[in-house]
Amino acid sequence: MSALLSQGIDLMLSGMFTVFLFLCLLIVSINTFAYLLKEKTNHLPSSFVKKDNVIGNDHLKIIKAIGVRIQNEK
Amino acid sequence: MNFLDIVSSFGIFSITLPQAIMLIVGLLLLYLAINKKFEPLLLLPIGFGAILTNIPEIGLSLSPIERLIYENKTEDIQILTSMLGLEVAQLSEYLKAASYLELSNINSLSIDIGYKPGILYTFYNVAIGSGVAPLLIFMGVGAMTDFGPLLANPKTLILGAAAQFGIFATVIGALLLDHYGVISFTLKQAAATGIIGGADGPTAIYVSSILAPELLGAIAVAAYSYMALVPLIQPPIMRALTTDKERVIEMVQLREVSQKEKIIFPISLLLIVGLLLPSAAPLLGMLCLGNLMKESLVVERLSEVAQNSLINIVTIFLGLSVGSKLAADKFLTPETLGILLLGIVAFAIGTASGILVAKLMNVLSKNKVNPLIGAAGVSAVPMAARVANKVGLEYNSQNYLLMHAMGPNIAGVIGSAVAAGVMIKFLA
Amino acid sequence: MNFLDIVSSFGIFSITLPQAIMLIVGLLLLYLAINKKFEPLLLLPIGFGAILTNIPEIGLSLSPIERLIYENKTEDIQILTSMLGLEVAQLSEYLKAASYLELSNINSLSIDIGYKPGILYTFYNVAIGSGVAPLLIFMGVGAMTDFGPLLANPKTLILGAAAQFGIFATVIGALLLDHYGVISFTLKQAAATGIIGGADGPTAIYVSSILAPELLGAIAVAAYSYMALVPLIQPPIMRALTTDKERVIEMVQLREVSQKEKIIFPISLLLIVGLLLPSAAPLLGMLCLGNLMKESLVVERLSEVAQNSLINIVTIFLGLSVGSKLAADKFLTPETLGILLLGIVAFAIGTASGILVAKLMNVLSKNKVNPLIGAAGVSAVPMAARVANKVGLEYNSQNYLLMHAMGPNIAGVIGSAVAAGVMIKFLA
Amino acid sequence: MSALLSQGIDLMLSGMFTVFLFLCLLIVSINTFAYLLKEKTNHLPSSFVKKDNVIGNDHLKIIKAIGVRIQNEK
Amino acid sequence: MNFLDIVSSFGIFSITLPQAIMLIVGLLLLYLAINKKFEPLLLLPIGFGAILTNIPEIGLSLSPIERLIYENKTEDIQILTSMLGLEVAQLSEYLKAASYLELSNINSLSIDIGYKPGILYTFYNVAIGSGVAPLLIFMGVGAMTDFGPLLANPKTLILGAAAQFGIFATVIGALLLDHYGVISFTLKQAAATGIIGGADGPTAIYVSSILAPELLGAIAVAAYSYMALVPLIQPPIMRALTTDKERVIEMVQLREVSQKEKIIFPISLLLIVGLLLPSAAPLLGMLCLGNLMKESLVVERLSEVAQNSLINIVTIFLGLSVGSKLAADKFLTPETLGILLLGIVAFAIGTASGILVAKLMNVLSKNKVNPLIGAAGVSAVPMAARVANKVGLEYNSQNYLLMHAMGPNIAGVIGSAVAAGVMIKFLA
Amino acid sequence: MSALLSQGIDLMLSGMFTVFLFLCLLIVSINTFAYLLKEKTNHLPSSFVKKDNVIGNDHLKIIKAIGVRIQNEK
């Protein structure tokens, strides 16, 4: 294998390694902050959480509506 | 002076065949942008810039010394070479070996002799040579991006990582072409070509401006064209690599993401990139800045201008500057053919990698993901996410994958910026 | 330090009479802009820039070396001359002969000695010296212009061509003034003066920045002032050269122009200018780019920013930069008087040529044109077209010539850009 | 006649020649494309053309209205 | 290359303690901007810029030669020194003594060796080094400011003058710190520190960029932070220096100000500054230009863009550029501590001076002013005026001082720009 | 006193002197123009001036309303 090819493979290995490591660290960071912030908002009354679900359903409707529009666009 | 002299001095009589071909290429890009709506925000100014660049005589994309050589007036070349203490025959050798400082002096001398920099040359230097334009576009993209879907389901980041395999596989592909003597690529050129697989225009322009500015035109055209072609490129691959059962998988509804999480995300992303891969910090940093301006809710003026006036202004200059790299002698080369070929390979491999890793994740985890969203990991925001949604609906008309696909889609932007950082770190 | 020292160091005690006169000229321009609404978008910043430029002591429009000489501190001049290995007495000779590279070095040395470039000097170099500002204005104008009336009745282009005779006749006029020893003009200066007859601000600024930057201030002021005075300058000429019968001619209603024609027009104009007269390609190219962004309907973001934020920002800097050329020592010269005189002659001849050629067309063709619209061929968009309409209505209250006059009016913009290209091609 | 004046006349002649030639070429180009695009749209039903005239009248009204406003402005 | 090598090349392993501290400072600024809403338009981009600046390895705020030295690669340093004909050990001496021209050449050489300027270094030079950004902010501020309240009651200008005593007292304070060996300040540095008391961001940045760019980061951070803290800093001083009787004084209703007066004001201010204190003309001139564009009512397009798109775009770059001056080695110094300390002293003295002179005016004049509005003379527009209004209402719930306080508040902007002009005149 | 301190005091004196002089000149200029422009508009009928007062009251109301809002904001 030529030196150039071997350098390319080195680049690929270190590149993919870094990309995965980076995004995994990002996952860890996201999950950590999600957990920490959840902790803090856990004291909210359950009625608030329910309301949240209702919003969730609205959200779903919106997503579907967007989807339909996109489909029509294409 | 008689009128025949005037007519014979018209530009058309000094046009070269390659220039004429490039005018047609420019018209083709305009056609794709206007009639086919191929990423018109970029391809319209790129196509227009390509035409301006290849207008004969005037050298709108040339530096003063390049204009002096292009206009090829014996007298002026002699003045220059005598100023430099050279023989005329030595000039081209001298220019090849010239350092940055020497070139800058030579350009000053050429200005003295009457050759101003072409306007597109100026645009290129200010917008791309300095690195500013792609960074400002990234800031605007950050200010327009809602990272919510990604924060709601962070494991889809894995898909955005996987799809970057298209980038590096293409690097190897380019080096193989070089190895077998088909088209010669240096490692830097191969890397810049590979970044097309990132399916992200500003990243591709940023990387190629650093690693291989001579290929920037072809790389940017390939990147934007294939991004526009994502609805044609991806579906066959998506169908080939998934089973009917997989394509109808419905995913768990995304949770609500709090504003605090959205504020913390760009900051933590900034810190991670700063502490891991500083070479990716300009690109990802500006993305984070734009996003923080948006999500912090305290600087709406800045967020608004970043995603409107500023990004629009920069886009015009970026497009024209890319067009300035479509000069006939630099674009009509075997490398361009190789880049166009490798670019589509990059998209295809990236798509496949995303899908296959999604399938692998389903093997390892009980919370199933629909592997179609893996294809969105290449980025090409938001086109690839829409494609995933559309293909999903073909098989399950109640299955809206759009929001789920936005996670890997945006992750793909981060992933390719990280890949870009690695390339710049090891090769620049 | 006592308070008398402080008072005696006030700027007013070092003002020169020419500077004081120029402050009044600046105030006059502000008055014309604000009270008389003379092209306020340009004349307000130009007038303001003129005042800033002529503030004593500080030299806001001077380069570092010019500031060093203007402040005239013996010590600093000695430092500079010793750095250059010159006698103090040799300095002014040396500067006159200095090349671009040498000047750039001398400016660096002056910065070392403590003289920064004036802020208006910086604005001028970035906005006009580079050629960027007039080009961006042209792009914005393109994005705001509807070529429909011109496409509907293309033969009115002839009128836009005819009116350019005002430009070239004025060149001859300037050379005659020189010939008879009244005011001395070089050919370049005469050409730059003539372009006032183009009645198009950015074109005049672009041409004079290339051919005669020392006259740019006077030329721009004359161009914008006379454009504002078109409602006074043109009607007498229009009445003198037309008969009552001609003035009441009603023209055939304009046909509808399809969107495709509107898209194709800027592209074909770009190709024609590229293949015929590359030196006009920057100006007309940017006009075409702006218009294509507007008419293509696929890049509304870009079109919108080109005709709003971007053109407005550029206008501020363009105006201040023009104002920077109204320094007392450069403006209070016989040439300025000549330019003001010749400028109005240029407008008058252009108006007359447009009308006369319209009358000639009526002799040759059965589809009559109202010769009043010939006056609109000088450009001064949209003022001249409105004047044609208004004068027409005076004689036939049902005869709305506005749309018909828009054809030659816009054609006049193209025509003077072509004339500019010819001048740059042969003289730059 | 001085050399300078003769250069000026040269400039005038070549300038006016180029301006006219340029704008004439533009006329040819506009007419050509108008013809080519008309060819394509000629297959439209005549009712469409009539409608076009009606639009034309509206157009005229708008022009008149603009004219009146401009007159008032001055 | 194995994966451990890759990991060990991560930026985090080359971070220095000062850099880590500055990352925390950057985060703190973001926290203040976002959570505490401390002047977020500036502190958010400043904080973000501070983080970018202190990312290890990459030197985003360094010039090419600074990056070469920061990365400290023996080989590259040897190439450079051999190019310069120096020993390696001589380099740092050489750089210290280098002239502007030499530095520019050394930077070119460093670019040749592969070191590009950091992106924040570029931003700083374009935005602040050139002086452009603070001036454009001032233009935007002018276009947003209604001088009506000041014109209606011009004697409140005296209060805007009085409050500038905070500036000069602080200069003396800094020199005393130097005198007693606590913290060393040069006169230029003391002056730049004093300008914090002007409570006006762009003025502080403009002055310190000219007199003491090495302190610009600390000065700008102090200025904006204390402006945000005005509601905490001022009320205790206001209460301590006024009696209950004074605090309830109701002021005569402001007269109507005609549009003509509003148009004439920026023009006469421009002439006064031009004839008295040309060194303040760039700052005040741009303020006047913005205001004239607003009040003239003839260039609404320009006024609109100056107070929206343009100022917003410039703010982003200004903030990042200020952040570029928060590099660890330049910020973590005793001077910074001194600046933070002196800055709050400056605000306090300015507040007190404004109040005391208002009391003095009441002794001398029968038309009483409420001394609370004297505190607004420090500027910190419009925060200090609001504070005056709020404290006034606490003691007399019918006494709306807001409009009355706007007079000295805006006068304070003019006053500190004049103070800035004096400093630049005598020290630059 | 050190030279540096004495320079600082010089700077303070000339600075405060200039600031006061400058703003006083500005007061003179404002008052002059206000007087000159008043002269010109004095010929207006008194009804116009009354109207002006009415506007003034509106103005006051607006100022109060603004004040209230600002108070609430804080």
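By letter and in written order, the chains are A, B, C, D, E and F; residue numbering begins at 1 in each of them.
One rule holds for everything that comes next: a residue touches a chain if its C-beta (ideal position, glycine included) is under 8 Å from a C-beta of that chain, and two chains touch if they have at least 3 such contacts.
None of the values given here were measured: they were computed from a predicted structure.
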For subunit F, the least number of touch steps when starting out from subunit C: 1
Joint neighbours of subunit B and subunit A, given as chain labels: E
Selected pair, greater C-beta contact count between C-E and A-E: C-E
Far-end chain from subunit E, centres as C-alpha averages: D
Remotest chain, subunit B as reference, centres from CA atoms: F
Whole-Å gap between the CA centroids of subunit C and subunit D: 24
Distance from subunit D to subunit A - Cα centre to Cα centre, in angstrom: 56
Where subunit B touches two or more other chains, by residue: 276-277, 309
Of all residues in subunit A, the ones touching two or more other chains: 14, 18, 21
In contact (per the touch rule at the top): chain pairs: A-B, A-E, B-C, B-D, B-E, C-D, C-E, C-F, E-F
Of subunit C, residues touching subunit D in the complex: 150-151, 154-155, 157-158, 160-161, 164-165, 167-169, 171-172, 175-176, 178-179, 187, 190-191, 231, 253, 256-258, 260-261, 264-265, 268-269, 272-273, 276-277, 386, 389-390, 393, 400, 402-403, 411, 414-415, 418-419, 421-423, 426-427
In the complex with subunit F, residue positions of subunit C that touch it: 1, 3, 6-7
Touching residues (chain side subunit E, partner subunit B) in the complex: 9-12, 15, 23, 27, 30, 33-34, 37, 40-41, 44-45, 48, 51-52, 55-58, 60, 105, 108-109, 111-112, 114, 116, 119, 122, 308-309, 312-313, 315-316, 320
Interfacial residue positions of subunit F with respect to subunit E in the complex: 2, 4-5, 7-9, 11-12, 14-16, 18-27, 29-31, 33-34, 37, 41, 52, 55-56, 59-60, 63-64, 66-67, 70-71, 74
Subunit C - residues contacting subunit B, complex: 99-101, 104, 130-132, 135, 139, 263, 267, 270-271, 274-279, 281-282, 285, 288-289, 292-293, 296, 298-299, 301-302, 304-306, 309-310, 425, 428
